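Down below are the structures I want you to see.
First chain A sits with chain B, and in the next complex the same chain sits with chain C.
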Partner chain A sequence: MITLGTALAFGGAAFSAALAGVGSAKGLAIAGQAGSGVVAEDPDKFGNVLVLQALPGTQGIYGLLIAFIILLKIGAVGGAGVKELTTFQGLALFFAAFPMGIGGLLSAIAQGKVAAAGIYLTAKRPEEFGKGITMTAMVETYAVLALLISFLMVYGINI
Partner chain B sequence: MLVPMKRLTLYALKDDREALLLALQKDGNVMLIQTDDKTSLPGAEEVTSQLDKAKEAIHFLDSHGAKKSLLAPKLAVPYQQFLLESKGGQQAMDEAENLASQIATLRNEGATLLSQAESLNPWLKLDIPLEELKGTETTDCFVGYLPEEDLEGYLKATEKSLVDINRLGIGPEGIALVVIAHKSQSQEIKHILKEHNFTEALLPKGTGLATQVVRELKTEAEKKEKAALELESKAKEIAGQKDQIALYADQLAAKGDRLANGGTETIKTFCLHGWVRHDRTQQVETAVKSVTDAYELTFREPKEGEIPPSVMENNKLVAPYESVVELYSRPKVGTVDPDLMMAPFHFIFFGMMLSDAGYGLVLTIALFIAMKLFKPQGFAGKLTMVIFFGSISTVIWGAMFGGWFGLEWHPLLFVPMNEPIKMLVLCFGLGAIHLVCGMLIKVYTLIKAGDIMGAVCDQISWLIMFAGFFCMGMAEGPIGKYLALFGAAIILLFGGREKKGIISRLIGGLLSLYNISSYLSDLLSYSRIFALGLATGVIGMVINTIAQMLLGMGPVGVVVAVLLLIGGHTFNIIINVLGAFVHSSRLQYIEFFGKFFEAGGRAFVPLALRTKYTEVTK
Partner chain C sequence: MPQSSLEFAIGSISVLSTHLLTQAQLRRIMEAPTVKEAQAALLETGYAEGVSEALLQEGEIDKIIREQMQLSRKRIMELTPDRELISLFLLPVDTHNLKTLLKARLLGTDAGEFLREGGAFSLELLKDAVSTKYYDDLPEVYKNTMNKIEADLVRGTDPLQFSAQIDGAMFKEIAKVLQEKNQQGFIKDYFSLWADFLNTQSLVRARLMKWDVDKLRLVLVEAGAIDLKTFSENMETPAEQLAAKLNTGKNGSAIAQAVNEYVQTNDLSVIVNRMNTNLLEILRKEKSNCESLGPVVGYLMARDAEARALRVIFGAKQGGFEAQVPELLI
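And then the complex of A and B:
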């Protein structure tokens, strides 16, 4: 039987994967639109543009990661059968997904904007490509921190 | 390490200039300096425009079947042959250019014809030949478009006039109309038409019914297209001559480089200035001597205000990491080249972030083969080498953490996912060493510059404080506490030493003590090493788990599982190599370089044979 706690844990996993995924999709879209414009002018820049466009994609991966760890923790993957969690255990797992879900959503969109700016930078001054990447990676810091704290929270809950 | 540069001055006869520039270009050790506004030699502009044409011709032939795969080696040309400007290349270029412009013209004309045909679309129902669309003895004729919404108003206004209206199809500008009015009222009708936004139609010239004209226009356009296609197949025939054009383009580029800077001149002589590495002066002198003995060549140390280019030189293991520095900025002349200190940390961080020995092995082998096949040169070569080293480090750290293609297998150290606190301590520990190294470099440069006060108060004081914190955590007794307080006291008392007055000085000290928050955030930044390692490992696990589920679903499941394992792990490697490279570089740029690095060096771009399409051999 699935308890309320287990359902809440599922909610946490869904929250993390869905929000961070939406964020990455938006971020990639923002950067991708800028990228297509630049590639239309100069197809040779496709390689550089693609690298910059890929950067906001990581939040979705991090979101999936937290979702997977939660599912692993409650036994939903691996074939051992879903565990029956108390309501508070489930609630704790639900909250643990917050940093990654919200942090991933917003940081990916923000990173997409910086990536788009970096793509324009590469269009005008191809030699400054590395700086565009560095500035885009600065935004990622907070997705990384969100991932870390979500992981530590999930790890810290005893079931 | 930054190589010391010498300033070169060369006086020689103008008669020898061409030969001298050629010799210097072959030698490739001198970066010429533009001294006056106009120093390019006559003919430079012509060469540039010729080069543009050659590039366009190559582009044209590339899009007509001349493009080779990336694997194809560059055309090898002996140096003596390279010196003779390729006549065949020039001819082929002209031919390609000619074809390209003919094709473009034909396509343009075809497009015009088609758009004319399209403009006749609303008139297809017209049963009067186009050439007869004009007035008669007693009538005037108006041919044009009226916006749909204005039609009703017009009909109402002309209800009682002597006018006939012939409605045809609808075009983008409105309804196509032929209006025939009696001459006595034609002025009035014209006025009413104008009031209702009537626009006159400019029909294409042609005789016969509209359908017939359209047919003629379309056949004409088809003919043009056919001719264009014929020319294109001709272009495919001469695609084989691309190599010659490529050689010609490289020759032009080399010539353009030589002509770009002729130095200052008198009637008979000229003078060149440039930069040479201090250990290559002898080589340059030999090159000059091989041309003439009527020369005056001197090398001297750079004077104040003269900024030589920054040339980094390191041993074979460290040199690839110059590319990481170049992505940020070259070090300013006279400062420290960070490569040697940076390389081991980049190596370690990259491996820890990817942290899967299986991935590391795949990457090591793949890059090894790629480097054998493509032989990347210059910046790309260095960058590939950095990732190659990183993949070796990945094998080491993967084995330490027991990560093999997302599976856990005999960790030599511990598994980060099961012991996250241990892993975080390891990350912060390495980060602290990294930061302290950066600060020590700053201490070194400050002491070298004679700023002992700055070294002690702004750098060493912090180091004492950190040492104190370290002791507080590690050792028993109050030593740590006193050390930390001692360091803090130095900062408090001397951090604001530029300010006047005791109080503002103390406030300044207090403010610089507040910098501890920036050191703290620097240190926390290293937690990304763990997070990125986690990402690689868990995504690998996800792929394996799904594959395992598929394996239980019969033969189709097995096939899909194998495809998923290959595709998924490949994707995971690519995305995480990007992440590992970007973030281990970022830790250098922001956290490490922030402590000491002075950016703003210029690149060393000597006069040399820089060929794009060919490879010049002896």
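And then the complex of A and C:
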């Protein structure tokens, strides 16, 4: 039987995957449009542009990872059967998904903007490509921190 | 295929701006011993990219510059996510063309070589409108102004007023578009500062030439941050108090500074120089803002500055006189 706690845990998994995924999609779209503009004028820059455009995509993967760990924890994956969680256990898993969901959403959009700026920088000064990547990767730090805290929280909940 | 997104536009502009002429390239063109070698040096930079082969064969530098400007403006209009706002920066070209066509018609001469390409309206449309006196295809503000001018012409009004009326129409159109778009950013700041400076120059000229207030009112333009009444009410204000009287609104301090400098030097060009510096400053600040049209406008202005610099260089070379390499300020 699916209890309220189990439903909340599912909600947490969905929240993490969906919000971080939306953030990544938005970030990739921002960087992708900037990249298309550059490639339209100078197709040779496609390689550099692609690397920068791909960076905001990682948050979506982190969100999916946390969702997968939650589903694994409640037995929804692996064939053992879904566990019946108490409401507090479910709420705890739901809140554990928050850092990754919200952190992923916002950091991916912000990273998309920095990636776009990096793409403009690369278009003007191809030799500064490395700096464009470094600056874009700095935003990733906070997505990684969100992933870490969500991961620790999910693992800290005893079921 | 061009897309209407700011990110796409700025991405394209980032690449296009790497093809702008540098100060060093201008210097090299200037240092070429003959016009022909200067042309060769210019073409070596890739400046004539996209220009038709026939025009290159002809080798007329002014035509090449015109063609380049037309191509860049067309490209910018394809790229920009907001054509109406970018068009505002092209209106001075249309205003110039309208004045030139009207004057040529009145004098019975050909406007041909004085016309400029790359305005917001097609040159053919303007030519047809002025020759047939049918202005219904122009925006409402221009249509009304031109119809009024035609009516004044029949009554035999002083033709010198037309210039001010067409300038006034341009700023009315700018104010209308900015209001419709609820534009609060740098574009509004740019045009409002420009209008305030023009009105200040008109006020100073009107005081020097002892015009009456009604004549001053005819040349004041809209879109500024300083109320037009402030200008018309200060025709008789002592010069040393003028700066303080005009120091209202967000542009007040810049205007006051320019007026103070004018009062100290008695040289009207200080107001013009101060205006150009302040307008450039607004564009410079916005040029790297990836979340505004700043880079697009910056590129448009940089292309204009480049064309002006080339005209100065080739004009000097063809005329056989010395000239300094113009600075590319943007």
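Please note the rule applied: the second predicted complex is superposed on the first by the 159 of 159 C-alpha atoms of A that agree within 3 Å, B and C clash if a C-alpha of one lies under 4 Å from a C-alpha of the other, contacts with A are read in each partner's own complex, and residues count from 1 in each chain.
One rule holds for everything that comes next: a residue touches a chain if its C-beta (ideal position, glycine included) is under 8 Å from a C-beta of that chain, and two chains touch if they have at least 3 such contacts.
Small disclaimer: the values here were computed from a predicted structure and weren't measured.
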{"item": "Chain B versus chain C as contact partner of A:V51, first or second or both or neither", "value": "first"}
{"item": "Chain B or chain C, by number of chain A residues touched", "value": "B"}
{"item": "First, second, both or neither for A:Q33, with chain B first and chain C second", "value": "second"}
{"item": "Chain B versus chain C as contact partner of A:G130, first or second or both or neither", "value": "first"}
{"item": "First, second, both or neither for A:L148, with chain B first and chain C second", "value": "first"}
{"item": "First, second, both or neither for A:F95, with chain B first and chain C second", "value": "neither"}
{"item": "Touching residues on chain A, where the partner in the complex is chain C", "value": "30-31, 33-42, 45, 113, 116-117, 119-121, 123-124"}
{"item": "List of chain A residues in touch with chain B within their complex", "value": "51, 54-55, 57-58, 61-62, 64-65, 68-69, 77-78, 129-131, 133-134, 137-138, 140-141, 144-145, 147-148, 151-152, 155"}
{"item": "Chain A-facing residues of chain B, complex", "value": "326-328, 420, 524-525, 527-528, 530-532, 534-535, 538-539, 541-542, 545, 575, 578-579, 582-583, 585-586, 589-590"}
{"item": "For the chain C and chain A complex, residues of the former touching the latter", "value": "2-3, 5, 7-18, 79, 290-291, 295"}
